[in-house]
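As written, the chain order gives the labels A, B, C and D, with residue 1 at the start of each chain.
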Amino acid sequence: MENMKISVNNMNLYFGKKQILKDININFKTKKVTSLIGPSGCGKSTLLRSLNRMHDLTTDAIIEGVLKLDDKDIYDKQNSIIDIRKRVGMVFQKPNPLPKSIYENLAYALNIHKFPKEKIPALIESALKESYLWDEVKDELKKPAVKLSGGQQQRLCIARTVVLRPEVILMDEPCSALDPISTNKIEKLIMSLKNDYTIIIVTHNMQQAQRISDDVAFMYMGELVEFGTADQIFKNPQKELTKNYVNGHFG
Amino acid sequence: MKWCFAGLLLLFVSCSNDEKSIKIKGSDTEVNLAVVVAESFHIHKPEISVSISGGGSGLGIASLLNGTADIANSSRRIKEEEMQLFQKKGIRIDSFVFAQDAIAFVISDELPIDSISIQHLSAILKGSYRNWKALTGIDKPINIYGRQSNSGTYDFVKEILGIEFTPYAKQMNGNAQILEAIKADHSGIGYVGSGYVTKDSGNGLKVLSIYSDNHPHAVSPLNREMIAAGKYYFQRPLFQYYKSSSFLKIKPFLDFEKTKEGQLIIQSSGYYPIL
Amino acid sequence: MKKKILYIFNWILLTGSTVIVTLFLGVILFDIFSKGLSSVSWSFISKFPGNGMTTGGILPAIIGTFLLTIVTTLFAVPFGVTCAIYLNEYAKPSLLTNIIRASIRNLAGIPSIIYGLFGLALFVQSLRMGTSVLSAGLTLGLLSLPYIITTTEEALKRIPNSMREATLALGATQFETIRDVVLPKSLPGILTGVILTLSRAAGETAPILFTGVAFYINTLTASLNQEFMALPYHLYMLSTQHNSIETVRPLAYGTSVVLILLVFTMNIVAFYIRFKHRTQE
Amino acid sequence: MIKSNSEKREKIDWLFKQLFKFTGFATIALLGGIFLMLIYNSISFFANVSPIDFFTGSQWDPGSATSKYSIIPLLASTGLVAIGSMLIAVPLGIFTAAFLSELAPKKLQTFLKPVIEMLAAIPSVAIGFLGIVLVGPGIAKIFGIENGLNALNGSVLLAVMALPTIITISEDAINAVPKSHREASFALGANKWETMFQVTLPAALPGLIAAVLLGLGRALGETMTVLMATGNASVLPEGFLDSIRTITATIAIEMGEVPYQTTHYYALFAIAAVLFMITLLINFLGEYFANRLRKFHA
């Protein structure tokens, strides 16, 4: 029996009257990389964003079903949204550094979560090292983060997430706005991060999914069509739909 | 953001020293006089702040009633219906006459008359005469430049002549605007407080002397002796009304007006001191 | 041939209109500055009026306008910005919020004198503040609110949602996100709107007519329940109410120069902030 | 320990949310209060004076023994001066906007836009002052009349004040017409002018209407300029050379001097309410047309 980090049971999600996700059941394993793939609009980003309650501010979103982080109900009102998001970090499609310096970008989360002041510099250094960014920026930590290149910004966003030591990192097409070299660096980074974190990533890139994933979930029209190991999905898909998609026949 | 609210609070709290500021309102005729008096008053009592606003006499009395003035300047006696409003609110008021004024009728100096009778004046202001031809032989329409209905001067002229003004009379904002208009309009006639015509009213203007059946000898509003004798038809006391309850607060200012210095200021501004 | 004449006619029509519009500004500024600049001196802006306001300066009017603008700012900015934050960050997009938004936009088009009436009824009468700097400042504050709300909302709207998500995903609360990201990032935009609004408020006359402005005051306005002199009203008074209009005409021109310079300076500051902010992005 | 920290922060978050909500609603309520205050005081007025007299009479004369409260002369004055200003400002404004977006080189644009913004920034009292010292005497000279304080003077000044609004919105409207429209017209062999008058301006029409309406709203509501420059005679005007007295000027002149809570006082609120409704209607219409333009091009 493998260790489950996040489990989703009988989940339905609506925006207003429109149903976006239909009866989703999926388990994300601890310290593995799970990829969510599928054509645009299939609901994979929506699913990802519901794992750390990013839909809370979308006023007409209605979520049914049970989503658990370990044995804790993510949507239980008793549980602080702050703690959920601290445990489940997120990296977005477009790098979105805060309008502050590189150092402050990382210090920000530590400060609001009241980490002891004296520990902050060390935490920042190790997060930057973990994200393979330290060597590039260690001499200019005071530089505004927006001055970094796109790839560096995205790695900074990953470092900003990592610095809080979350248990899960959600990534929403983190490489779609980047060039191949930066993409390559981020993929390497993901491979090394999975030793410590559970990673769930949404991607459009089949090769990338194949390269980095342990598990792959294929979604179509708001439904989870097939879920299995990367080998299974890419080499031996059970469903016709999956086969067509991974072979590039549509999407 | 926080200090904004704190600042706002502070502002509300810092409202104080109401006792040290006197608000005087009303009477376009008296306002400039009041300003000059207040300027000199400041030298004697710099700790008391005096703010002055013009408008009409009605404004002063209404402001006194509304509680937004301490002294109401008025170039006319308070009206019966105004008195009733004060009584309804339970406010007792007193009055003080601090100067005398004469109303001057002004025309362009291009019109060949120097004096006018009360009867003709009434006919013009009523709108029965609409052309100068009957009076001067010059065929020009008569343009009347009067004050607004809230003006004490307006009321005074209306009442003493026992007429209603023609609706074609232009209602100007103040004495000064009337003079401006007549300077430009060679067929205009208007009325202003004598304080407005004694000094630097500019050229092109002429002040009419007034005669009536009782006083066939025409009297000019600029004739000091005749006014002292009470012989000018349109002469009137200038009042200051105040609430009896706030007498102590405004007393220093009234006292100053009564001093020799105060009366001198009144005289040099073109008004006539109280007898 | 006919076509050519039409060409020239059209060209003259368009260019001529533009020239006329430009001339309007030119004539206004030329007339006021050519006749008024000579009246403006250090003593003009640092002295009290004298001799029945026929000589001297306009110090009390400058101080009055300054105080008035401070009261306006302290009232309108916190309330306006807060209201905009509520509408943009918290309120659910519904028919009601859209109606509220449209109403606020339209309130910006309501004649300023009506704000004066409301200020009279609310502050002077109901709240018993009397005719004072406080009443007048709050009235101008009300007048400014719709502008501040609208411009602030526009500034907030320009912040992309990804900025908000960045901190939210790190476990920041919505308030922390507003405080640490949304407001700092939209500050230049808000500031531009606020300064432009205040420059408009500083030049307003109608709303202060019956809420506290005075013809003359013989001391500087020192407390909030006192009446005050203000630059725009002073100009109105000197040009229509004074007993020797001709004599004080140079003072009126001088007052216009000071008023216009004040308003233009505020506008230039606002445009500078906007310009600098735009080039940074 | 971390738990209690989150709880505290969530509490602060909740508190500020309530604060924002409260001030938001308070601000909205305050602004809504303006409307209620006008209605409330107007009702008090109509309890004393019949609405029929108010809307049909021909005299506004609250001072006389038989007080007459008819909005008609004031409304006619307001309408006359505002329409006059539009007759001047609309062609000037739209042609200037067309010049800015179709003819002017970039450099000239960067010069002209601040000019228009500066024009908008000049306080109304300064414009009114110029009406007394410059425009009024000028009009008196041109028409050979004795006094230039009349409706025409007010219209010229209000036109100057409405121009920035009209130009800015018209220019946006013209710029919003898609390039493809123009290109299609050029492709059919139309020249620059034909394209502008037959394609671009008609396509921008809703925006131009919005510009005119919002400019009109500004002219209707202006107080100081008309108070200073139009002579303030409250009789039915017969032409542009007559002195007039608008609703705004009447309020400005009379509000200071009426005893509170009298019929005259309520009357001023009633005419203010009428003005409020008119400007609100015009602004909403303007907004409607502006939105139509936006939707059309979206």
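Assume a contact is a pair of C-beta atoms (placed from the backbone, for glycine too) under 8 Å apart; a residue touches a chain by one contact, two chains touch by 3 or more.
Please read all numbers here as calculations on a predicted model, not as lab measurements.
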{"item": "Intersection of contact partners for subunit B and subunit C", "value": "D"}
{"item": "Graph distance between subunit A and subunit C, where chains that touch are linked", "value": "1"}
{"item": "Per Cα centroids, the chain farthest from subunit A", "value": "B"}
{"item": "Most contacted chain pair (by C-beta pair count)", "value": "C-D"}
{"item": "By mean Cα position, the chain sitting nearest the middle", "value": "C"}
{"item": "Distance from the mean Cα position of subunit D to that of subunit B, given in whole angstrom", "value": "35"}
{"item": "Cα-centroid distance, subunit A relative to subunit B, in whole angstrom", "value": "81"}
{"item": "Inter-chain centre distance, subunit C versus subunit D - centres from mean C-alpha coordinates, in Å", "value": "16"}
{"item": "Inter-centroid spacing, subunit D versus subunit A (mean Cα positions, whole Å)", "value": "53"}
{"item": "Contacts with 2+ other chains: residues of subunit C", "value": "78, 82, 125, 173-174, 176, 240"}
{"item": "Subunit D residues counted as touching two or more neighbouring chains", "value": "9-10, 256, 260"}
{"item": "Residues of subunit B engaged with two or more neighbouring chains", "value": "53, 63, 66, 173"}
{"item": "Chain-chain contacts as defined at top", "value": "A-C, A-D, B-C, B-D, C-D"}
{"item": "List of subunit B residues in touch with subunit C within their complex", "value": "1, 4-5, 7-8, 11-12, 14-18, 21, 23, 28, 31-32, 35-36, 38-39, 41-42, 46, 48-54, 63, 66-68, 173-177, 179-180, 195-196, 199-202, 269"}
{"item": "Contacting residues of subunit C [partner subunit B, same complex]", "value": "49-53, 71, 74-75, 77-78, 81-82, 124-125, 129-132, 134, 213-219, 221-228, 237, 240-247"}
{"item": "For the subunit C and subunit A complex, residues of the former touching the latter", "value": "92-93, 160, 162-163, 165-174, 176, 180-181, 184-185"}
{"item": "Residue ranges of subunit B touching subunit D (in the complex, touch as defined)", "value": "26, 53, 55-56, 58-59, 61-63, 65-66, 82, 85, 143, 148-150, 154, 164, 167-173, 181, 184-188"}
{"item": "Interfacial residue positions of subunit D with respect to subunit C in the complex", "value": "9-10, 12-13, 16-17, 19-21, 23-28, 30-34, 37-38, 41, 91-93, 95-96, 98-100, 102-104, 112, 114-119, 121-130, 132-134, 160, 163, 167, 193, 196-197, 214, 217-218, 220-224, 228, 248, 251-252, 255-256, 260, 268-269, 272, 275-276, 279-280, 282-284, 286-287"}
